[in-house]
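Each of the next two complexes has chain A plus one other chain: chain B in the first, chain C in the second.
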Partner chain A sequence: MKQNNLKAWLYLLPAILFLGVFMVYPLVDVCIYAVEENYASIARTYTGIGFGNFRDVLSDKLFIQAPKNTFILVVITVPLSTGLSLLIALGLSSIKTLKKAFQTIYFLPYVTNTLAVGLVFMILFDKTEYTKGLVNLLLHTDIDFIDGEYWMKMMVTCLYTVWIVMPFKILILTSALASVNQEYYKAAKVDGATNSRIFWKITLPMISPTMFYLVITGFIGAFKAYSDEVALFGTNLNAAGMNTIVGYVYDMLYSDTGGHYGNAAAAALILFAIVFTITYINLKFSRNKVQYM
Partner chain B sequence: MNERIKKTGSKILIYLLLVIWAFIVLFPFYWMVLTSVKKTSAYNNETVPQVFTTDPTLENYISAFTKVDLGRYFVNTLIFTVATTALMMVVTIPASYAFARLEFRGKTLLFSLFLSLMMIPTELVIITNYVTVVNLELNRGIKTYLGLILPSVTSVFYIYLLKENFEAVPDELYKAAKVDGTGDLKFLLKVMVPICQPTIVTIVILKVIECWNSYVWPRLITREPEYFLVSNGIQTIRESGFGRQDIPAMMAAVVVVSVPLIVLFLVFRDKIMAGVSRGGTKG
Partner chain C sequence: MKVVLENLTKRFPGRSKKDADVIAVNNFNFEIPDGQLIGLLGPSGCGKSTTLNLISGLETPTAGRIMFGEEDVTSLPPEERGVGLVFQNYALYPHLTVEQNIIFPLQNLKGDKKMTKEAMHDKAVEVAKLVQIDHLLERKPKELSGGQQQRVAIARALAKIPRVLLLDEPLSNLDARLRLQTREELRRIQRDTGVTTIFVTHDQEEAMSISDLIVVMKDGVLQQIGKPQEVYDEPVNLFVAQFLGTPQINVFDGAVRNGKVWIGDEAVLDVSGKPDRPVWVAIRPEGFIPDENGAFTCSLDRVEVMGRDVTVVSTHPKSTGRNIRSIVSAEYRINQGAATVRFNLKPAKVHLFDKESEERV
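And now, the complex of A and B:
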């Protein structure tokens, strides 16, 4: 085939420019920031090269709370949302009437602005001086969900997070279930297999790559949680004790004393390291469990 | 006989589950709209929240636009969305074409590089992009638009998606065009783009959704309230007095912000859902 060197590079030039400036350069830059100690953004000076920023971050009280929140969120929401969406996807796959309607409804949270809808959630759970809030009244409880105990806030956060991530998972699982070869089911039925056996021995293994994909992306997504928390609790997450690692990174960028870019960079790299490690562990784990056809 | 009972029984259970989840999904939306048509005074007097209202009003929608700058945020978001999506098209279409149809030295290497960029989380690059924008003063005045738009333009994911689609177009068409003496650019614009129009529509819509709901980046770099987008605009309103005192009006604002995308979704539902399941990434 004819070589179109000049033309090709010309076509690719805008993409390369944008990606270079806004992706490649920052990647290198953030590593440099992370090791320049005590970077003063206004003076643009730094006192030395070292891992001081990492030490600062890891010993910061505000930082310690963030990974704790993030971990709890991950551990609770990923299994819950994946399992629930599997249940719903299975249900969807076995009906014909109203299937499209249900699918449309279920996908709604995906296209909405999390800030907007989170506000509604907050209002439903919130206890104000006028009223105990709808949820409290329905459950006959008197819990301060938004401004009270840590675990209550965490529960609302998990609930909201699951609500938000379900559309995507339901969609992916429904198509995965649909792509399982019907022949397997027919053969199993002929052999007299029960529904339960069919599920555990055929369905689940066939969709295991997809399940696995959802678990991994679920983990990664949960680690990057931030906007959902802001939607529920407002921008001052530290006051609510609900900060996440990503929230901490952004806090470091902003602070009134002129931005601790070094610390932000260090925290961001720590986050990346955590996500990378967990993904790696997940991948290793999957070698044994996931069956590819 | 038993079989039929069991089958009907499980069907009922399944529908029950599906209806329950549908209710859980829809209820917040219902509450959003319901609250937005309640009178503020009535709302504040409810010790037990009412699940419907006998006295609906549209006054909240009026206050949402008059008491706070919702209209401004709307316009900003519109400008941001249109400009970013347009630029994205200009960048993505030629790039995907180059990877799909043109042969050139370093092609495989460059494509692998692009792919690996997909793995980089935004949280890492956002720090430097923030510094870049601040240093170039792209967060002051009218230049804020540039600061908002430029970093948000390119995403390797869309290039990858479109490239796959371009590659699926049969070679014969290309060869025929070459025989006719049609240049690559003309071929791209007159043949490829129309044929791959469904995918392009999907990409556009996904990008529009991404831009409309964008929060972190606008929050980070917009200093002046007149350049806020709807997402960080809503957040600011919420934390001001207005947000605390006038919840129905806040809900009206939220409804107004959510409606465009919901309408878009209902119209293009199949394309959106197909695009998302192909890609598997939200962004």
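And now, the complex of A and C:
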């Protein structure tokens, strides 16, 4: 028995080492950094243990903007992208001709580089000395989407985020729809259910686990937003007023005024707390709504 | 409701241009009298489920007409036909309770047929009582046994008072004991409601035991329709004779010569008035009478004792099957050590079929 235990640990060792070095240690370290006040990275000294870093972060004007942006992004893009994806997936599963072609088109953003997509959005929205941008030309407007008003920038960000997260959701939803037993539809049809009733009473409950999974991962993904904003507005997100929580963490570590390990760690933990709370609420809320077969 | 099928044909296109079309149902004509229980019987792939789908409206026929009573329903969508359909694996909505499942069709009613919540509940309780699941109304389908799920499926199909009740292999997902019980139940429910019921099965015993009429199909073609006993006693062709009955009918390569049936060099039966020709001689297992001086000699293989009766397993060079199984009363004492066993044949249990067309002679 003892022999076996030793062997078992030996087998587990590579995974434990790997996870320990790259997962557990950093997690613990983040918590330590977060409570060490006024940590100086070169001298490796700190003045005390406490919640000073959290106080600093929460009173930082730049930080206040970040969660606000993140929240707006989450609240707009998660329902919008999930709903649109469901509509497109429903459409895809009901057409026969050119199905594969449409599936490929809708999946393209998934395999396209974020920065390349950013470039395309620049062409669509950016005003330069030479052009007003494609969208302005089409709409006959003169709006500065990239360096102008806050809500214009936010709209472009949301559009970008929705567009980039949709392919994955469409893919997952298409397969979820395909896995619904066709007999339920036949039974409902014989029983005289209308298409909308079939959708609300059968299709939606049957794919609710998938919907729930997409909403949860959508929330988490949107809270972690950063690279999309960089692709649109460049690395100085604070100047654009479009910073996110992850962006703030990055700035604290690596920007010109960086090196604030304690503040970065505190901000990261605040993000964790927010994501954790939202996911917990989601789980509680959906317990009665989601059907697991 | 009387159901009439006229020249009903369903053709599915082949998988590619080269492949021929598949004719699942080929020029069907039959009439199902009001209030009867009909068994659609045939081997798998014979088109019986397609026939059911055509009647329900889930498939549209390539040609022909379907009449419910005097009404032509051929072009009506399923929801306007007023049929109740029970699927092979029941298709109960897993997220709804038993009661919600049963009232689902009622909630779809429109116009003056619309029902109040109370009326729907009362109806659910009523049909649940009929199929004896009224104590399970709050459960979800996954909390029910297979037999209970099936009753729910039947209750759901009956709730909207269908003109025709259709059941696709209703007993195939149940274990042997439950199958026996449930088929009695099915018969009782059908009698109680009086609704014209058509069920599909590949199990001939199932079809024979509860149907008023059985319809035997093969390769999309109707073979025979009639009362179970009639079809069993008077099969129109070799296929029907072989498909009905367990153990299977014994078939021999024989001939009619000079008013006698010959198997090998033995004249086993008198059939005066029939022209000479080669035939398939099909003998039901119960058609053998052991007799020391019998006309028909077989090599004895073994005797299986069942208590009430005895199965004599023997062989004969002209038999198309490996064994000949004959069921005889246990009163006959068969000498198990003997090399041969001799029989006389009961004329009513011997059927002759043309060698070429396999039609009954």
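Details
Everything that follows uses one rule, which is that the second predicted complex is superposed on the first by the 273 of 293 C-alpha atoms of A that agree within 3 Å, B and C clash if a C-alpha of one lies under 4 Å from a C-alpha of the other, contacts with A are read in each partner's own complex, and residues count from 1 in each chain.
Everything below uses one rule, namely that a residue touches a chain if its C-beta (ideal position, glycine included) is under 8 Å from a C-beta of that chain, and two chains touch if they have at least 3 such contacts.
None of these values were measured; they are calculated from a predicted model.
Partners chain B and chain C, once the complexes are superposed on chain A, both fit on it without clashing. Applying the stated contact rule after C-alpha superposition, one finds that A:Ala15 touches chain B and leaves chain C untouched. In the overlay built on the shared chain, the residue A:Arg287 is in contact with neither chain B nor chain C. By the touch criterion stated above, A:Met23 is placed in contact with chain B alone, chain C being left untouched.
With both structures placed on the common chain, the touch criterion links A:Thr194 to chain C but leaves chain B unconnected.
When the two structures are aligned on the shared chain, A:Tyr226 is found in touch with chain B, with no touch to chain C. Of the two partner chains placed by the overlay, only chain B lies in contact with A:Phe102; chain C stays clear of it.
Looking at the shared chain after the overlay, A:Ile202 reaches chain C, while chain B stays out of its contact range.
Between the C-alpha centres of chain B and chain C, as viewed from that of chain A after superposition on chain A, lies an angle of 80 degrees, to the nearest 10. In the superposed three-chain model, the partner touching more residues of chain A is B, compared with the other of chain B and chain C. Across the superposed structures, the minimum distance from chain B to chain C, using CA atoms, reads 9 Å. On chain C, the positions that touch chain A within their shared complex are 56-58, 77-80, 83-85, 87, 89, 91, 93-95, 104-105, 107-109, 142, 156, 160. Remark: chain B residues 11, 14-15, 17-18, 21-22, 24-26, 28-29, 31-32, 35, 44-49, 90-92, 94-95, 97-99, 102-105, 107, 110, 114, 117, 120-121, 123-132, 150-151, 153-154, 156, 159, 184, 209, 212-213, 215-216, 219-220, 230-232, 234-235, 238-239, 247, 250-251, 254, 257-258, 261-262, 264-266, 269, 272-273, 276-277, 280-282 touch chain A in the complex. For chain A in complex with chain B, the touching residues are 1-5, 7-9, 11-12, 14-15, 18-19, 21-27, 29-30, 33, 41, 87-88, 91-92, 94-95, 102-117, 119-121, 123-124, 130-134, 137, 163, 166, 168, 171-172, 175, 213, 217, 220-221, 224, 226-227, 230, 234-235, 246, 249-250, 253-254, 261, 264-265, 268-269, 271-272, 275.
Chain contact summary for the complex, chain A toward chain C: residues 181, 183-184, 186-194, 197, 201-202, 205-206, 208, 291, 293.
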